[in-house]
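Okay, got some structures for you below.
Common to both upcoming complexes is chain A, partnered first by chain B, then by chain C.
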Partner chain A sequence: MTRVVVIGAGLAGLVAALHLAEDGARVTVVAKGAGSLHLSPGTIDVLGYAPERVESPREAMAGFVASRPEHPYAHLADAINDALAWFVACVPRMRFVGDGEENLLLPTAVGVPRHTAFAPASMAAADLRAGGRFVAVGLSGLKDFFPRLLAENLMRAGLPGVSVSVRHAEIAASPRPGVADVAGQVYARALDEPAFRVAFAAALKAVIEPGETIVIPAVLGLAKADEVWDEMQERLGAPIAEIPTVPPSVPGMRLQRELNAALSRAGVRTILGPEAVGYQSDAGRVSHVSVREAARTRHLPADAVVLATGGFAAGGIELDSYGALHEKVFDLPVVGPPEGTPRLSARHLDHQPLMASGVAVDGACRPVGPDGNVVWPNLHAAGAGIAGAEPWREKSGEGIAIAAGYRAARAILEET
Partner chain B sequence: MISDTQAATECAEESAILRRIAAESIEDTGGLFVTTPADDPAYADRFFAGCRATGVAVQEITVGAALAREPRINPGISRAFEVEDASIDAWTLLWGNARSAQEHGATILSYHWVTEVLRDGDRVVGALARDDRSHEDVRIEAGFVINAGGVWAGEIADMARCPGITVVPGKGIMIAMNHRLVSTVVNRCEHPADGDIIVPSHSVCIIGTTDVKVDSPDDLSISPGEVQQMLDAGEVIVPGFRQARALHVWTGARPLFKDTHSDEHGEDTHHMSRGLALVDHLSHDGVSGFLTITGGKLTTYRLMAETVVDAMCAQMGAARTCTTASEPLPGSQAGNYYWLGSRLAAQEEAMADDQLVCECELIPRRRLLEVARRRPGMNLDDVRRVLRLGMGPCQGGFCTYRATGILHGLGDAEVGRADELLLTFLQHRWLGLEPILYGDQMRQACLDDWIFQGTLDVEHLPVAVPA
Partner chain C sequence: MTHPLQDLMRDSLDHCVKCTICETYCPVAAATPLFPGPKYVGPQAERFRGIGPEADRSLDYCSSCGICTQVCPQGVHIAEINNQARAALAQDRGVSVRDKLIARPTVAGWMGAPVAPIANWTTSFGPFRVLLEKVLRIHRHAPLPKWAGRTFQNRTRSRRRAPNVRAPERQVVFFHGCAANFYEPDTAAHAIAVLEHNGLEVIVPKQGCCGLPLQSNGLYDDARAYVRKLVAQLAPYARAGHDIVATSTSCGLMLKREAREILGMDDDDLRVVSEHLYDICEYLVMLDDRGDLRTDMQPVEMTVPYHAPCQQRGHGIGTPALELMALIPGLEARQLDSVCCGVAGTYGMKVEKYDIAMEVGRGLFEQVRASGAELSVCDSETCRWQIAAATDRPSVHPVEILYRAYGLG
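After this line comes the complex of A and B, so read on.
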């Protein structure tokens, strides 16, 4: 049985671990923290902007990778469709809507129509491509959602060919009466219980008008989100759409729960807390991943390793105070902006070349050096640590994570 | 203190006054001067003698006592001196003075550019100003005009056709570091140089500063070399400084008055006088009704005001006694110094009753509403200058969206303006982040990008992206 150590518990690491375990590998996930899914909106972006709006990621992909040979998708384009189809089937309770063919167009919490490839059914109900009448409803206890701003921006978004009207309202129903500041996950946990659903639905009922789709912050349940959404729609007799907002993100937590459950069913062992700090090698291969635990460093044996520690945000890639780039576990060569070219732009929303730093990989997601040679034959990288993307600008983060995690797993399974 | 004894005496007297009138903006941190391994060991004795000669309270303490007080400072220090120093919040001080002036009948026109100083023969009789927001011109007629234009004082004097006022902008960068690496104002006991001081301020500490003569007071550029210089200097005072998290960098320009009659110090602005300079344009240019006050430093701002107003009274023949040294500013009447835990204590009192708009700086929603109602039409930088919005570790990552939504919901900003407020604030935060992005602040910037661009897609708001 192949022993694989996956370092990192974000989307890429969990995808790789699950796919490996489902195909019979003995997988250990080791991660310093709980991953970053609770920061993510719970949608699956594949390609939203390139840099113009992308309506069909599948159609746009060939042209995109041709024009961006340094982008992670240049190595992943032929894996992505299989990877996405497999992934969506792994987490059925998320009820992902989408086919990777056409992007959905969903309002963000600030009222911008935003492209994404897959979204939970509870979000997809706000798809703006068909137009419609919406009422954005805020929760007086939740400080991270501004229905009026959302409504007014959406009204002036100027979507061609569709008619969108949005008004706004607010409800006071709260899981913690008397407390002014209530987090989204507190609403979500309360809605997992049937009792609060009744009060919540009654409050919503009072502010809606016939024919409207209700748009609310994404708090409709955590463990039982599917059940909550069904019940709410039934009680209200109207479609409801959730909008993700600033973290912590309830839909991201749901996705994490579903993935963790799938990992557990597949027999993946997870070690959370200790940090992977290095490795041991033998005969030109990585033989162990070194993990710093309390009072000792443990060396986990591995036939293959998936490095999914993320980019700058998650700490897999580090920029030191002298401006040097480092990969933290294997000290891999990191590709940043070429010497003598600008690293960052003074305009915040411009392309920021430094942000695309990461490790370069080959077609099997194995890190390569400046000479193009594979660094370790049994080391694969997945996720935001791969060089060449600015996923938040491209709206490509989950697509890269899923495709790379899947590709790394497939490469390991095929090699052994 | 050795090179500028008069300035030292003024500073000591004025800081005692500020403790009485502006307690709200002062944290009584005390100060330390330490001789690090990089400093000339002979300077300490001269420093000590200089303090004594100018009446500045100073006490030498053992290295062990200094390290016990400030465990993060360089264990290799050889001498340490305690002085009566404090950390002052310039914005709190400014707002206190503004409120005080208003209570005494002043009208304050911020966001107004002086475009012309009006003359009637040999008298200055007012000014024209352009409202930066409405783009309207405002004509102000006045019996007397005081030019307190700081680094721009020379330009203002030129507008009054009183040429020859040379104020050299001494540009300096400051870097706010996350956490208080020191809780005392720590100076290197060395001839004044770049990066020789770390000042605790609220929940952060600030290292300063560089000093570069620049041609324009509007030059706020920050070079990578200056940042590296500050980080190296930080390492000398607090080993491991480079591993700490830099939050934000900004530039200021000191107004260094250049006495055109003596130029012995050349271009090195470190050694130009930081003393205040009063220019009487009646004797200088034969123009009445106009005085320029420049030079000086924050600690002597009140003395500068007293000096120039006394001179005005003398010229106008009105004998008035200055009261600013004894009248506490609004907010400081109780005489209580600022203390670090004050916001947390207030938050704990009202935890259930209000939402936190900014977790980093503990800003409750009602404070934002109060400020917005008092001064309609604020942008988020204005809010920041009152409440510290966006100044903490996440640099606006969470509060920017909330503050925008609240100002919009209040009706203070229509939707297009709200979008502009949000994008402008993010852009302005970025200007102070981009030069110091490394380590954990790089991580934070990426998380903020995930929030604003990834989740909210703000770059596609239907509004022009600000420059």
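After this line comes the complex of A and C, so read on.
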């Protein structure tokens, strides 16, 4: 049985682990902490801006890749449709809608329309492409969600060809009455219990008008979210759309839960806490991943390795005090901003060359050196550690993670 | 609080980006509004500590399960920082008689051992437990173990051998912990039988308490004294090259890591002991990897729920118990996805925390009951007592299943 060590427990690492284990590999995921899914909106971005708004990721992909040969998608474009179809089927309780053909257009918590390729069914009723009448409902105990801001910004968005009207309201129903700051997951866990659903639905009923779609922060249940959403729509007789909140993000927590369940069923072993600190090699191949445990460094035997430690933001790539970039586990060659060019821009969402730094890969997601040669034949990279992407500008993060994790896994399965 | 290692732990809070991942994974914050979460009481409150007005006292509800440190993607030692801050809070408030008592398992152990039948009758006698709750604030329903009479130390006097530098790899040292010494000598004896079945000689040196309950209750100076004494007893064996094998995951973790990272201890004895110390399941899997584990196992036709306790996960070794149980024909061990049983050593015994501990463990107990299995499996003793009491069926150490499969009992 092929032994694979996956380093990193973010979306890319978990996708690779799941696909490998489903195909019979013996997989160990080792990560110094949990991935950031609990912070993510629970949607799947594939391509939202290239750099102009993308209506159809599938149609736009060829042109995007042609204009950006250094982008991860240049190696992944032909894997992405299979990867996404497989992934969506792995987490059925997320009830993803979307097909990769057309982007959905969903409001953010501050009322900005945002493109995404797949979203849970519980968010889809706010798809702005169809227009509609909405009521944005805030929860008085949930800070950082402002229904008036959301409503006014959406009214100002000026979407061509559609009619959108939004008003706002607030309800006081809370699992912790009288408390000013109640986290989203506290609402969600309370709504997993049928008792609170009744009070919550009654409070919502009092503020809606016929014909409106209810837009509400995404807190409708955690373990039983599908059941909660169904029951709420039935009780209210109106469509409900969840809006992802600032972190912690309940839909991201749901996605992590569903993935964990799938990984557990597939027999993946996950070790959270110990950091991968190096490797051993034998006859030109990586033979072991060295992991710092509580008292010792252990060398986990591996026939193949997936490196999914993330890019600069997640700590997979480091900048030293001399200005040199390093990949932390294998000391792989890193592609970053050329000497003498700016690493960062002053404005947060602008082009940030440092954040796009990472390792260059071949078509099998194997890291390559400046000469284009594969560094280790049995080492593959996946996710944000691959150089050349700016997911926050392109709206491409989950697409790259899923396609690269899937491609790395397929390459390992085909080699062994 | 001036040791460099403690500063290192504390400095890691600068890596906190306030992402809230620890808060979403914290089992105590999910169970009670009294605990706002590890980030709130930790990296966030820490900047107010030691400069005048104190940060709020909700920190006292942290159970020290350590999950926050395990999940933090930035490497912040949240649990360690919070443990240290909680100790400072305890010192500031004064440590109660109850906490001083339950922090010393050897005291209750030695008091009850010679009079085990009477002691056991007393602690299972309702009116006495009500009195215990009123006087000492130990919850009347908190799971308390039963004294076994003769201590494990006493039963294993013939195994007190000196270090053997000539063939240390053939002889392993067994570190049993207080629970095995006073309450569960059979588990320890079965562990020894499993090791012997695999061709190893087992030495049981004189040994004391690791001090973990003292650390949990904020009595750091006493905890350090216990650790120093214990590692002085074990270090000569480690220096001679003997591996040290432990059945208690929490006491093992204390020696592997917590004494260093929480108590800030950094001496030669501790270092050499931690380098040679293995959890028993970790050790047996290592034997298996080398082809040295006997696999002459009889079928055990059972499906058992398995809980990897928080302190076990803190070892960072995966789940070797599952790997061992997978070797047993007929046995299917299913890992539960609930993360914590709630008891966290002495936390769930306390009258003001018992209900929280039961709520933390609720999902776990439901899964065990729903499994319909006649017993559950878990590596850590206080967790086993909690799970057994809450699910009305025994909870056993994984080595017990192995003992049965080897046909040793």
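To be clear about the criterion, the second predicted complex is superposed on the first by the 413 of 416 C-alpha atoms of A that agree within 3 Å, B and C clash if a C-alpha of one lies under 4 Å from a C-alpha of the other, contacts with A are read in each partner's own complex, and residues count from 1 in each chain.
Keep in mind that, in the parts below, a residue touches a chain if its C-beta (ideal position, glycine included) is under 8 Å from a C-beta of that chain, and two chains touch if they have at least 3 such contacts.
Everything numeric here is computed off the predicted structure, so don't read it as measured data.
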Contacts of A:P248 with chain B and chain C, given as first, second, both or neither: second
Touching partner for A:Q185 - first (chain B), second (chain C), both, neither: second
Touching partner for A:R269 - first (chain B), second (chain C), both, neither: second
Which of chain B and chain C A:L39 touches, first, second, both or neither: both
Contacts of A:A346 with chain B and chain C, given as first, second, both or neither: first
First (chain B), second (chain C), both or neither touched by A:G315: both
Doubly contacted chain A residues - partners chain C and chain B: 39, 179, 247, 314-315
Chain C contact footprint on chain A (complex, rising order): 28, 31-36, 38-39, 176, 179, 183, 185-186, 189, 247-248, 253, 260-261, 264, 269-275, 291-296, 298, 314-315
Residues of chain C defined as touching chain A within the complex: 19-21, 23-25, 30, 33, 37, 69-75, 253, 256-257, 274-275, 277, 313-319, 335, 337
Complex interface listing, chain A residues touching chain B: 39-41, 45, 108-114, 143-146, 148-149, 152-153, 156-158, 178-181, 244-247, 249, 311-315, 318-323, 344-349, 354-355, 391-393, 395, 397
Touch list for chain B against partner chain A, complex: 224, 228, 231, 242-243, 246, 351-357, 365, 398, 401-402, 404-406, 408-409, 415-416, 418-419, 422-423, 426-427, 429-431, 434, 437-439, 442-443, 445-447, 449-451, 453-462, 465, 467
